[in-house]
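Once you scroll down, you'll see the structures, which are given as structure tokens.
Consider the two complexes below, in which chain A is the common component and chain B and chain C are the respective partners.
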Partner chain A sequence: MAYPTAMWDVIGLWTGWVLMLMIYSYPLYKENPVYRTAEYMFIGMMLAINVVTNFSNVVRICITPMMGGDFLMIVPLILGIMIYTMLIPEYRWVSRYPVALLVGAGFGLGIRGTIAPNIQDAIISTITAPSDGGMMAWINFLYIAVGLICSMMYFLLTFEHTGPLKAPTRIGRLFIMIALGAYFGNTVLFRFTMLTGRAQFFLQVLKLIPM
Partner chain B sequence: MSQILKREVVYAFTGLVTVIMFVDYFFFVDGWGFAETVRTWAVIVFNISLGLGAVQLLRQSAMNIQRKRSNYGFSALLVATFAIMLLTGLAGYAATGQMTDNAIYNWLFNNMYTPLGATLYPITGFYIFSAAYRSFRARNIDAALMLIAGCFVILSNAPVGEAIWPGFATIGEWFRFTGQIPGMRTFAMVGSLGMIAYGFRALLGKERGFYAGGGEE
Partner chain C sequence: MSFTAKLANIDRRVFYWILFIALMVPFLSPIGFPLSVAENTRDLYDGITGDNVEPGDVWIINFGYGVSAWSECHPGVTVCTKALFREDAKIIFMGPHYDVHLTYNKLQTTAAADFAGKVYGEDYVFLGYITGGEAAITQLASDMRSVYPNDYFGTDLDDIPMMADVNGWRDIDGVLSSDTGDWGSYFLRQWQGPHGTRLAQIGIAMLGSTGIPLWLAGNYFGMSVGSRGGAELEILINELGEATTSMDSISVSHLLIVIAVILANIGVLTERRES
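What follows is the complex of A and B.
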């Protein structure tokens, strides 16, 4: 992408640059009105974008089919409106029905969607012995199997971690620490990659590096 | 009667919806499209309900402005930004069915919303240094293992790591693709089991915290 030449594009680029500095005034200095201005603008915009997106979704999934003769679509529309009774204390209980639909569907879909990938597949992957790969594959296989069993035992919260449970739960804790360390390392990298992108944008707008 | 409507019927409704989802998935009822319909209903209700957050925030901001509470100017700014973005988005939507078909909306989205979003998210990058310092102090064997895993992962991805010692890349890769599997798999399994247990408690009406007022009114 080349450096823009059209007036509104240049103004836009500099607006983004100034807004970025307004946000970074918080970590680089302290909480201040300039930061809060940018923050409130972001919240207002995000809110509006979400409202318009949800409105267009409702029109597409509900209103249009209803206009086409699918009168059953009046049910979610009424349920959706019922949730706004949350704002009226004496009729607040009415909002429990749409919440019940959301919770019921959420649990149903969540549970049925979690059993296969998170439990069944995880167990199968753990107990399937490597077919090739030599010695290292077997070491990894044993590491994962022992690590998973010990880590799972660490979460046995109905028994005190003493006696025969003491050693495996202690080892399980170490495996968990390794996972957390790796996860934290990935998080640090990801955040810094994004921060690098912003630093690049900062220099690009100033024409110090090519866009 | 009203107590039954407020509580028992609501719990039964939650259970009924959950059971519909289960029956569809676990008992493979051919051609039974009702679960799909209920799922679509849930998506619609979810989309409508998200507006509740906007209404609450705007109500709060309007009250701040009306009562001239401290920093009410920020609330006014929030409402103004919201109004401009909403009107331009709806204008684009009304004209062509696409909210991106409005020049002002597009300009605001590309030059204000996107840079703000891209800046706010990595703001934690500034604090992650101090968090890393506090987490990565080898006070005991647990913290030492966390430190080793974290450092190897970072150095395997950062170009400087491989420049110092090529082994960082190999060991770091091992931590990323094998070393963290037992812990991460455990989190997934434990989280899933917890969710199933919570779901069944909700199905039996023992969990009510998510209903407005906790289901106690």
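What follows is the complex of A and C.
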């Protein structure tokens, strides 16, 4: 990708660069009017894009087919409008019906699809001994098996975690801490990759590295 | 004041400045840390190349990431697009972010040479923004036209040649979902689980912990984790690009974090001993 030459592209690039620095003035310096300006601009633009995109989507999926004779599309349209009654305190109860429908549908769809991949396949994968991969595959298999059993025992709350339950529940707690640590670590590192992307952009705009 | 107390009292902005500057240095002067290819990434690449893809197969690439996650997801998506095009597969692009058209435009530049030989509407199509979460993905499996009556440019799906016989999961040979969030899970629960559609994820680093077990269980035929996964894919296709360039910088950031964590722990332990 080459450095843009068209005037509006160059202006866009530099606007992005300046806005990025305005946002970074908060962590690198302190909260200030420049940061606030950029923050408000960002929120305002995102909100505007959000409204326009979703409205266009409703027109495309619902209103246009309805105008073309698909009158059943009136149902989701009315349900959608009903959600906005939550903004009027005396009619807020009306919004509960579409929300209930959304929650019910979401829950039903989630349950339908969860059992096979997230539960059944996961269990089969965990209890199936490795057929190849050598010693490392077996170590991983045992590590996962011990981790799974001990972590599940940690949530065995009907018995006090003493006696024979003491050791496995402690190990389970350790596994849970490791898992949460890995998850948190990955989360932090994702943010740093985003920062890396910005550092790259910073240098690219200044033409210090190729675009 | 002890050394650890001094360390604890350093303004956090000092660390931010060090980090911001340290991240830039490897771009100006590449270090060239070695990079190996993980098995999950290799599985992803193998799954979209060779005998696993027939000419004319129709694949979905879901841009489940916005502009902010380009550095994490886009290199992987670029490689996968190139690989599928080179196998003469047809691709449907779509995404649940408002800025999905910006990602599509970027892909046109990052995989420009491969797009050059393809015809819009015959080899690929851009459906644009999708909303409605899991319900929309479910509907997409049974009746694509109810979710997308037309493509991003307003052309009726029936008027697009490659979409003539495509309207649901039966007509799709595979899905690549590139995610910062839950969209891969929606395809997993509504496409891979009930219908057995081939599914892989090009996720951000954060999704590695939850995605790898799904790859191990065979639900994902492959998985690329973060920009590291993107760099691995660039190695596999033998075209080093954006992710490979940024890997040094990412490694430096990780190293700084590890050093900061070690220093913080030394500080806490020393203070505890002193008190």
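Assume the second predicted complex is superposed on the first by the 203 of 211 C-alpha atoms of A that agree within 3 Å, B and C clash if a C-alpha of one lies under 4 Å from a C-alpha of the other, contacts with A are read in each partner's own complex, and residues count from 1 in each chain.
The working rule: a residue touches a chain if its C-beta (ideal position, glycine included) is under 8 Å from a C-beta of that chain, and two chains touch if they have at least 3 such contacts.
Since we're looking at a predicted model, the values are computed, not measured.
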Which partner reaches more residues of chain A (counting touched residues only), chain B or chain C: B
Partner chain(s) touched by A:Met20 [first = chain B, second = chain C, both, neither]: first
Touched partner set for A:Gln200, first chain B, second chain C, both or neither: second
Touching partner for A:Ile124 - first (chain B), second (chain C), both, neither: second
Which of chain B and chain C A:Leu101 touches, first, second, both or neither: first
Chain B versus chain C as contact partner of A:Asn32, first or second or both or neither: neither
Touched partner set for A:Met86, first chain B, second chain C, both or neither: first
Partner chain(s) touched by A:Ile176 [first = chain B, second = chain C, both, neither]: first
Chain B versus chain C as contact partner of A:Ile49, first or second or both or neither: both
Touching partner for A:Asn57 - first (chain B), second (chain C), both, neither: both
Residues of chain A contacting chain B in one complex and chain C in the other: 24, 27-28, 46, 49-50, 53-54, 57, 61, 105-106, 109-110, 112, 114-115, 118, 122, 125, 179, 182-183, 186-189, 192, 194-195, 197
Chain A-touching residues of chain B, taken from the complex the two chains share: 5-6, 10-11, 13-22, 25-26, 37-59, 71, 74-75, 77-86, 89-90, 93, 97, 99, 107-128, 132, 135, 141-143, 145-154, 157-158, 175-176, 178-193, 195-196, 198-199, 202-203, 210-213, 215, 217
Contacting residues of chain C [partner chain A, same complex]: 13, 16-17, 19-20, 23-24, 27-28, 68-72, 98-99, 109-110, 129, 131, 133-135, 138, 146-147, 149-150, 188-190, 192-194, 204-210, 213-214, 216-219, 226-227, 245-246, 249-250, 253-254, 257
Touching residues (chain side chain A, partner chain B) in the complex: 8, 11-13, 15-17, 19-20, 23-24, 26-28, 36-58, 61-62, 72-73, 75-77, 79-81, 83-84, 86-87, 92-93, 95-112, 114-115, 118-119, 122, 125-126, 140, 143-144, 146-148, 150-152, 154-155, 172-189, 191-192, 194-195, 197-198, 201
Complex interface listing, chain A residues touching chain C: 1, 24, 27-30, 46, 49-50, 53-54, 57, 60-61, 64-65, 105-106, 109-110, 112-118, 121-122, 124-125, 179, 182-183, 186-190, 192-197, 199-200, 202-203, 208-209
